[in-house]
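Note that the chains take the letters A, B, C and D in the order they are written out, and that residue 1 is the start of every chain.
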Amino acid sequence: MIPSMELPLVFFTLLSQLAIGLTLLYALRTAGPSVQPEASAKTQWFVSAGILAFSLIVSLTHLGHPLLAPRAVLNLSTAWLSWEILIFILLFALMAATAYLGVTRRFVWLTAATGFIALFVQGMVYSPSSFPAIHNVLPFAFFLVTAVILGASTSAWFAPQDTQPLLRWILVGALSAGLLLFLVAPCVWLSGGTVMRLTGLAYLASPLYWAHIVLGLAVPMAVVVVSRRIPSWLPILLLAGALCGRVVFYLDTIHTGVNIGGLQ
Amino acid sequence: MKKQLGFYVDAKRCIGCFACAMACKNQYHQASGVVWRQVYPLKEEVYPHHERAFYSLSCNHCEHPACMEVCPAAAYTKREQDGVVVHHQEKCIGCANCVRSCPYGAPRFNPGTERAEKCNLCWQRLDAGLDPACVKSCPTNALRLINLATFNEPNAVQFPPGFPHMSRLNPSTRFRQAELPKIIKPEDK
Amino acid sequence: MSKITKQEIERILENPVSRRSFLGGLLATGALVVLPGCRLLRPGTVDMGQVWEGGYQTFRNACSRNCYDTCSIVSYVKNGVLKFVEGAPESSFTAGGLCVKGNSYVRRVYSPDRIKYPMEQQGRGTGKWKRLSWDEAMDKIARKILEIKARDGSLLGLALSKYSGSFGITHYGVEGMMSSLGYTTRLVGTPCWPAGMDAQNFDMGNMLCNDPEDLPLARYVIVWGANPAWCSVHSMKFLYAAQEAGAKLVVVDPVFTQTAAKADEYVQVRTGEDGALALGMCRHILDRGLYDKEWVAAHSIGFDEFAAYLREHVTIDWAAQKSGVPASHIAAIAEEFAQARPATIWIGYGMQRHVNGGASVRILDALVAMTGNIGKPGGGARYAQMQTWGFNYHAKNQKQPEGSKGWIGASGPKGEFDFSGVKENVKYADRTININKTAQEILDTKDPQVRMLWVACKNILSQDFDRPKMLKAFNKLEMVVVADQFFNQTVEQADIVLPVTTFFEEWNINASYWHYWLSLNEQAVKPLHEAKSDIEIAAALSKRMNELAPGSCTFPTTVDTKDWTAQEFNKKELDLFGISSWEELRKGPVKAKLTSSAPWSDGVFATPSKKYEFHSDLCAKNGHDALVMYKEGRPAYDKLRLLTPHSKFAINSQFQNLDWMADFNSEPYVYIHPRTAALRGIGHGDAVRVFNKVGEVRLAAQLTADVPPDTLLMYEGWYKGLAFNCQNLVDDVSSDMGSFKTGAPGVAIHDQFADVVRA
Amino acid sequence: MAAACATLTKAAPPADGHPASADTADELEYAFNRLFVGPGAVPAPPYASVYLDPDHGLMGESTRIAAAVYDALGVSSPSNGRLPDDHLALELDAAVVFHALKAREQSAELAALWDYFLRDHLMLWVPLFLACIKQVPDVPPAISHVASLLSAWLSEECGAKPVTHVPPCIN
């Protein structure tokens, strides 16, 4: 009943969001009408596809019965989770295809769009009414911000010099959005119902939450702003920070079942 | 209205004796740590005395069950004939999405079988014309089986304080709230 | 060759015929004539068809715990294994439902934790256990008994401590086993209800009780110092029925119990001052002339003396000051009670576990009597009854061997179930010592000292008082034999432990001391491992005794629990229940055919005067005041009062140890009033140390105003793997009454005091 | 079990070269009883159902299956039902019977039944049982030795690595 840390899900969501982030950022960089595919395009897309594939395999280990995984798409009529699995498989197919069949504008945008939808679906999966604090658009917002932050910073490894400033601005923007989001959300919860309030208190009391705020958002932003570049080690720090944040998400979001017998 | 079975939890009669909860174990021998029916004490903000009023809850066999909605493997079905929400172990892939998503914490994860499980309202007993084990064992008739199609109890409420208010799910449990006696205590010195 | 699938194998194994023909050709070759190396399995098959196939068989069982409700059980057995239990629908008392404890029985039978074999410990408490065969165990015990006899010339050095772990009638065969060995030392009396029992016997000449099923007839019910919502869950429906019929339900208790929460009115009385409160009510009723003049005149003696006492010594203000209940309210409930007809009081056992417990019960009796509510359906001073216990006690009544020497002088009674009463001028008798002071008695008893202790149906080291002293007393014992089902705190300190059957594994018969139903207990499953019933153990011991010293034990050397159950019935008992043969009980429990649901309805009492005695010379003869009157409580010996009543998850030290129970109640707490806790800087959930002159207990605190500010509350019980034991805080001071009917005074369990600090 | 204990004592590798003395034999018996017999709750109950059945109790479905296999073999436990049929000692005994029969006869049925008993029963619980023993501090070498023999025999029989995760519900 009480949500557990669920490490496989922590890694699945984070890595899949990194992969999506990469494709989104690639699409943005190459949005211009006359822009040619980047030299390292193929590599980038193989990397994204690889990361997504890996995250999907990790997600299997979360199942009590991984061999029954194929059953997981049997409830498309009502279960966002079925859609999540379906769309992530589709997404992988598209990434792989893009990587193999050449990075054409059409494929890039199709994949990026699918990635965006995938983030939305993933957000829906994690906003059940049993967690009042996140029974809203927050999970999608969290995931989107995380995807952009990880995507933008990691893209910096591959992106040509001329697009680095763009990446920097996107990253700084995403980091500030993240700071705002992750700092404001728990404070808003404090003024909500019992379970929301408990969630807020749990977040604010968690060292991991503050690790995420500081190492995963504040410090990286300072680094980028001051150094006016995205150091190659930054993605590692960001991933570590996001990891802390995601663990808090699974561990400290309070379930309504905890408060049965108490006022809402 | 179509037949919809549910539980009537009469907190006025309930003495929190846990007979119902143990009757469930007696019938199904769940692994220790796994309980399908729990007797929840009302917190003092709801009933002013510590552990003196209770809600005995298992699955609420909702009209729109969250478990069934979110189960990716379609391991849940809602019976046509009586609205009982049944979890089919053999179909369960152990993703625990139902465990996370049911606001009432009815589905539980069994670490032994690595699958979810929950109260199926003793549907085998029902089909044999018997009461559910918990209802049969209640010594004060505080836990009853009701059919919402015919249920007509003026004092009954669906969302009393202490029971998560989830109108979209439309849980089939109905409640009568606990009452307070007149209390005569020595004047506090 | 074609592979045979798992599914096929499983299908084949399901059916005995296919199963046996599966390897048939092979077995025909006689391959099984010799099985090299095979030590345990034997050629040949049991009748698996019968053992393993088919649907549920049902059996009649009876819960034999020391409990008001003594439920009639139907057990469902499949393939020779107990699968689940239900309450018997035939009994309007059990009415198809069991309590949380009853519903855990399957776990109790098949718990891997059960004691499986006779075993011997090399040094008490060392945990160095060796297995014994039953023969070895009986040999060691028999030789010890003979050695004691040789040394002392009698068996008074052999003591029995047995009480209510099982109230199955054949379990009195343990007492029988002792008698069949000779004259022994018996720990007699009971910690349960003796003070009130004597009180009712002094007032009315016997302890009889209205049928609880007539509660709905009452117009006014006071539950006084009892908590049926926890200790008699099946009675609650009758209290509710009374309320629904318009009766007022008042609960008088120092603690805001679960029953109090269901009452119309809860009156918090100062612990041990129930008598004062009741006397205040009597005085007010007297002043208002609301007592039943006709009844008192016709059916009682000593009322005028009682009235005079009230006028001289009792005022409502005095009662208010003593009991803590506002005077105005004492007057109010007194008037309501006196004017409601019928009105009744349920007198709890808790309120008589005090140094003035018996006196208080006499006062409550008087309150019910003077208002003319004795002998009325729906009325009555409800305490307990033993009318339905008229068995033969065939297992219990064994003869001492020829030439046995014993205690010289009068004997008995040996506990409330010894209906043989006091026997004057017998040559020899058993030596009786007080079960409520077991530790002190073992330390003090001389000539001969207690050398060997046999413990059955009892968990001395978690239920008897002053545990630290008990451990000292154990050091004085040369041999301790414990027959039990689980490795409890007494078994830890045993030399030899013997595994006993659960009631599903033996035949028995059970009556209740509250309701009027009689339930047969059939053997539903084979005894697991090497468990034996108490009478089978007695037979095994007798066999060995007679091998070593022919004639040294009169107990039959073979017994059948079914025959012995049948032997417990007599015509009078069968007639009381309106059945012609005990076999009829296999169809379901039966209820006594009562002429009235109320005892004493003819107004004739069993007292010497044949009347209700407000003044009892018999009471005086037993060392108490002849007249119903107030008795001071025990002076406090520490800062706070300590109460250690029953938990709803356990009956004494049984059930709480099961993992199923731990799922719902995993640890003990001490309950403290928030103000009292605040003064000591104790917060909800803090670890604390509760201590007094006896010892200390460490556990977590819960803060609640359910308990009075001057009171600490913890529920007794034995938790698997926890050291918790409330008897480290309870001394063995006696209550006022109990010796008359049970051979020893009761014990003032609730006159205890302690203090608490953060640990 | 006493017999089993005796065999264990024999199986014990001579502690630092010297034969096991009487009191170490006693200590071994105490330890053996603490692990498997009682009278207290034991950390490694030697019954299949404790590990395989959902409620971790005795006389469960696994017990029924063991009894059915014995019945098919044409053997039965002399305790007839008092000692649960899925007690390790009885199941190992059945293994002896299987091998005695297999040594004599070529039978697809026999092979299939043994394969079932080994893979779908013994292999499912004995490794968990052994893991429970491992979790206990200072198990006498003699007992660990026999445990390792059992483990070795098992993997040899089915040429597979036994699972070793322990179900959470066992004390």
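The definition used in the following text is that a residue touches a chain if its C-beta (ideal position, glycine included) is under 8 Å from a C-beta of that chain, and two chains touch if they have at least 3 such contacts.
These figures come from a predicted structure and were not determined experimentally.
Colleague: Name the chain whose C-alpha centroid is most distant from the C-alpha centroid of subunit B.
Modeller: The chain lying farthest from subunit B is D.
Colleague: Which of the two pairs, C-D or A-B, is linked by more C-beta contacts?
Modeller: Looking at C-D and A-B side by side, C-D shows more C-beta contacts.
Colleague: With centres defined as the mean C-alpha position, give me the subunit A-subunit D separation in Å.
Modeller: Between these chains, centre-to-centre, one finds 50 Å.
Colleague: Averaged over CA atoms, how far is the centre of subunit C from the centre of subunit D? Could you give it in whole Å?
Modeller: 40
Colleague: Averaged over CA atoms, how far is the centre of subunit A from the centre of subunit B? Could you give it in whole Å?
Modeller: 36
Colleague: Just give me the whole-number Å value for how far the CA centre of subunit B lies from that of subunit C.
Modeller: For subunit B versus subunit C, the centre distance works out to 34 Å.
Colleague: Would you give the residues of subunit B that are in contact with at least 2 other chains, written as numbers and ranges?
Modeller: Correct list: 29, 32-33, 113.
Colleague: At which residue positions does subunit D touch at least two other chains?
Modeller: 55-57, 169
Colleague: Residues touching two or more other chains, restricted to subunit A: which are they?
Modeller: In subunit A, no residue touches at least two other chains, as defined above.
Colleague: By the touch definition up top, name every chain pair that qualifies.
Modeller: Here the touching pairs of chains are A-B, B-C, B-D, C-D.
Colleague: Could you please specify the touching residues of subunit B with respect to subunit D in the complex?
Modeller: 29-33, 110-113
Colleague: Provide the residue numbers of subunit B that touch subunit C in the complex, in ascending order.
Modeller: 13, 15-19, 21-23, 25-27, 29, 32-33, 35, 39, 49-53, 133, 136-141, 178, 180-188
Colleague: Going by the contact rule set out above, which residues of subunit B touch subunit A in the complex?
Modeller: These residues of subunit B touch subunit A: 40-43, 45-46, 54-55, 57, 66, 68-74, 91-97, 99-105, 108-109, 113-115, 161-166, 168-169.
Colleague: In the complex, go through subunit D and note every residue touching subunit C.
Modeller: Those in contact with subunit C are residues 1-3, 26, 29-30, 33-34, 37-42, 45, 47, 50, 55-60, 63-65, 67-78, 80-84, 89-90, 93-94, 96-97, 100-101, 104-105, 107-110, 112-113, 116, 120, 169, 171.
Colleague: Write out the stretch or stretches of subunit A touching subunit B in their complex.
Modeller: Within the complex, subunit A touches subunit B at residues 1, 3, 6, 62-65, 68-69, 71-75, 78-82, 85, 125, 128-131, 255-257, 259-264.
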